[in-house]
């Protein structure tokens, strides 16, 4: 019993790590997952912005929601960046994905800053930018399969 | 539910029980109904006289000193060392409850004495005196 | 001696045949008088059976009949349980108890009523 | 009339007390990822907890002994100790997750980081255990937890297409793009959330604290058989809101703010206020229950005086265990480990530990020495046996599935 629990704890630690990418396929899959996860954060932020626009939420709640969306995107990006691309094709993919993730993180950061300041117009004004980045992430995810 | 303790039951038969099933690991309650530990083991003593014949149950053994031996292995050894560290005497045996102070054996084991009068509560006293008793409100029932 | 030293011990007969493990120790209340308790319990004998998990669950008693899923296999195993009267105990070893005579002439333990 | 009030209160408490951080997280995650395709697991889990909580309550009322006390009598010291260690570990992780959950709820209300709230919330939990009477404590947090009903209202306001909801609940499939192993992994987590073992330790010890007798058996049955299924409906509502709003947008649930998001969109500020009160009450109540359970099971194994029915000085070791568990739980959360991850692992380990709790209860509920003519009937035994098998399968599958799916990634 104790051994099983210890094993589970070991997994708890290992679960957070990213394995190396050995092939282009493998790398592409990791890229796709990262794009998917950042897309999820951007969509979360869009719903938050929507709630603010319709005056359906409170300042503290939306600021936490948007802060965590940004945090999530940042952590996905840094995990993706830490994966070693296996060849030059992968290098090109890396540049493309990383560029898009950086833009996403930047927009999410802008919204979060506006939310912390209680700047309602600043939040709702970012709606179109979020919609745009969301579409591009979703297109890229479709392309990566 | 005082299951009576006389020599013979209603049908004129002696009371029998299987110690493992009906006595071991049972909860002990003192005279005032306070929870006073578990029946961790039983002390068996050869009969008086020449010592031949079946052993007699002379005491209930309770607390870490008795439990440690049943657990065996490293957990048992650890428990034994905790017990002897908390105990003033050099080679402490387990806490003994002489069978003479047992009042009834049913779902729980009832005693005819108070638990403070037994050598049971060393660890409990220590916890009370050093930690819990020092926190304000410890001597009031919750409201 | 402690009760726990008897429990789980291996039991062999005079010919060295394995009888099983000590599942339980049967007590009878006909010892000397002690304190407020009355007559003390003394050991009447050992309940010995195959080394199985679940001997403590209580399926030896007649009243334990459910659930079928557990009771059916456990009660079957308990049919092979034997009673060793204390006067048959020849030698108490560290982990092994030797009894006099053959394992074949041991009876089943008398069933105890549930409360 | 007084009886009626007691029964009603008990049921309401059971509803509010059913949902904790594990249910909030697991149901929201599953809804956002699998829609209604795992809803059946909540149904199975609710029936399971009803079957075993009823048994545990009956055992406690008839024998006036709590579960872990009897576990040791029937398993023996060694097996019961192994059980105690495993159960305590799982219970401890759950406690840490609940303590974090209270702080996360306060963070959502104040935007002050949850880490700063941890010392205060842990202290508050301890003070309630130290000073508040058992029944008062149960009622307040159970009733406040009822405000999670906002999830059900939110789900309704989101205007689901009921026909297609019922269809996907009754015809579950593994969604395309998800492996069978992932599907089963979340099924096991969800099952662990519904049947969390501490509920039974707490339920049976609580029955002894409140001095239940055989007269209370009907109240017990009503609490369990009405309260828990209604609590299950709350769980399904959580799943439903994320299935309707987050799933179509490809959002995965990673934090508590997202759990609330669909209902906030549906109900606005008032809905948010209800949810925050509900989050707070549900996690606070569960933190009380798990903290007390840590003390209950250890004290009951060793035969120490336990419980809130006596003064703390009369149960010093019980209170010491509760205090130490709370401090350690708070420290674990303060390492800034992701509280949602702690919750997820506590659910998998709960599933792993399920048989340790439910197997002995099934045996004890059949023991005439304890039950005096109130042993399990045919229905209880049939259901108990079926669920024992389910629980064993879930337990055996929990760790392999976690490894294969990398904890559901």
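A few remarks follow.
By letter and in written order, the chains are A, B, C and D; residue numbering begins at 1 in each of them.
Here, a contact is a pair of C-beta atoms (placed from the backbone, for glycine too) under 8 Å apart; a residue touches a chain by one contact, two chains touch by 3 or more.
Because the structure is predicted, anything quoted here is derived from the model rather than measured.
Once chain D is taken out of the picture, touching joins the leftover chains into the groups A | B, C. The minimal number of chain-to-chain contact steps leading from chain A to chain C is 2. Counting C-beta pairs in contact, the pair that comes out ahead of the other among B-D and C-D is B-D.
Averaging Cα coordinates per chain and for the whole protein, the chain whose average falls nearest the overall one is D. Centres computed as Cα averages put chain B at a distance of 35 Å from chain D.
Mean C-alpha positions place chain C and chain D at a centre distance of 41 Å. Note on chain placement: the centre of chain A and the centre of chain D lie 31 Å apart, centres being C-alpha means.
Per-chain CA centroids place chain A at a distance of 60 Å from chain B. The set of chain D residues that touch two or more partner chains comprises 76, 369. Shown for chain B are the residues that touch two or more other chains, namely 20, 24, 70. According to the touch criterion at the top of this document, the contacting chain pairs are A-D, B-C, B-D, C-D.
By the touch criterion given at the top, residues 20, 22, 24-28, 34-38, 40, 62, 67, 70-72, 75, 107-108, 123-124, 127-128, 131-133, 135, 137-143 of chain B touch chain D in their complex. Those residues of chain D that touch chain A in the complex are listed here as 82, 85-86, 89, 107-111, 245, 249-252, 254-255, 257-258, 260-261, 264-265, 267-269, 272, 276, 341, 345, 348-349, 352, 399, 402-403, 406-407, 409.
The touching residues of chain D, when paired with chain C in their complex, are 74-76, 79, 362-363, 366-369, 372, 375-376, 381-382, 384-385, 388-389.
Residues 3, 5-7, 14-21, 23-24, 41-48, 53-58, 61, 66, 69-70, 98-103, 106, 112 of chain B are the ones touching chain C in the complex.
By the touch rule above, chain C contacts chain D in their complex via residues 56-58, 61, 63-71, 114-115.
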